[in-house]
């Protein structure tokens, strides 16, 4: 969908084992924005032969985390998901490549609201709509 | 937490690769109910060293699916997640064992509402509260 | 449904014009709990002749506010709704008496999670399920 | 905010007592879209002197209903709210004029997803973000 930025890099991903396992590829990062892609694998399917809702959610959640946390942040705070409302709209299957587009919708103090749309690779099908509520907290690891 | 039922078995799990990957253990199944457990592994952690929200969600979603779909159903219909509202309340970490308790709250026609509580193994900490909206649809695989 | 407590009184209601307009009657107040009732009036109906979703929500929200804010609080803080996920399950109509039962589900620091069930007067029909996210903030009026 | 269309009229409003009570003014109607305004009155305030969440919700819900139900529909079906996730972002007060902008985000078969943004009259403050899940059902009144 989006053209791939040559050197997209985010320090958060260096140690993000879950995103690595999912096989997440970062296509674009911007202020309050992130676009990522992944290819669905057999081990992401549920007992009905369609993608497990949790894998779609995990993928969207990774886009949300990248949009929330600036790549050039000083590390004194981290922004995490306080909650999410997600609607599953269409099934997806192993072998399919999917995209997640995360966009900041609101930010007030330490609370934010982000929309993540999960799409088929051609952008023709909306697989899920994810609305994340973020909360910025002190980073205990750096203190 | 819950005592392990000796022969808990659900046909849905036979082909559920995602639940297998997560390492889900079924502790109890009942009418509109399911209790499962899993042990968090390093590859489920995010860049902040805590469990990726998507892994908590995937775990809760598996409990939800087991509670929605009776083990002795005739396979003509399947019940899937139409949407979920989830609140993340406390972090969890690699090595920790966690439990999900899914309970049917409402069922009206083909729509249902299920609560899933994700707990630390000792039950002392609520890690997340998940409310799933289910929808029962014809099973295209069996038709 | 619930027996009416003889002297249920909550200082918050003294100046709550919206609850007064709705005609809310307080049946029970407890720690993190509130049960209220109201009778639906023609002006609460929408263009389809059933109760406007906003009126059901307003009613549930009043129960939520009463459950969040202790009647004997010192007034230095107030607890407000940060957000809500609501599911409308059955219609209701003018002339019907309905009940809302609010219960605290979680409280961690300044954030809480409350369930409010809206029922027909006989308790046989669940009209809506409301899950409120609360946030406790300093009371600017008293400072 | 939006310029007022000279002859905005929607048959649903003819019998919508709740919208009439709220004092809703329709500014614009389009395909899957509606913009409305209202002026907050003292009886819409809660015990903290700010607008009752239920009144904000009722206002947003009216915009949602107008966006869901085409003014020139044949009346054989109606589209109702199955559920809503709402986030309250900023307080509002009596005397203030507020606007709600409803937009269709997704429609698949009988299920839809609509975003409603509630704004201060100058558009500078987002008071709430409302995401409605719609469901189209047969209209029993016309059958």
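Here the chain labels run A, B, C and D in written order, and each chain numbers its own residues starting at 1.
Convention: a residue touches a chain if its C-beta (ideal position, glycine included) is under 8 Å from a C-beta of that chain, and two chains touch if they have at least 3 such contacts.
Fair warning: this is a prediction, and the values are worked out from it, not measured in the lab.
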For this session: Write down the chain pair with more C-beta contact pairs when A-D is set against C-D.
Result: C-D
For this session: Name the pair in B-D, A-C or C-D that forms the same interface as A-B; by residue number, over half of the contact pairs must coincide.
Result: C-D
Exercise. Among the chains, which is located farthest from chain D on the basis of C-alpha centroids?
Worked result: B
Seminar exercise, completed: Whole-Å distance, C-alpha centre of chain B to that of chain D, is 35
Problem set entry | Centre distance in Å when chain A and chain D are each reduced to the mean of their C-alpha atoms | 30
Seminar exercise, completed: Whole-angstrom distance, CA centroid of chain C to CA centroid of chain D, is 21
Exercise. Multi-chain contacts in chain C: which residues touch at least two other chains?
Worked result: 82-83, 85, 87, 111, 133
Exercise. Of all residues in chain C, which touch chain D in the complex?
Worked result: 11-22, 42-49, 52-55, 57-62, 65, 78, 80-88, 139, 141
For this session: Can you check the complex and tell me which residues of chain A touch chain C?
Result: 82-83, 85, 111, 133
Problem set entry | Touching residues (chain side chain B, partner chain C) in the complex | 85, 87, 89-90, 105-106, 108, 111, 113, 126, 129, 131, 133
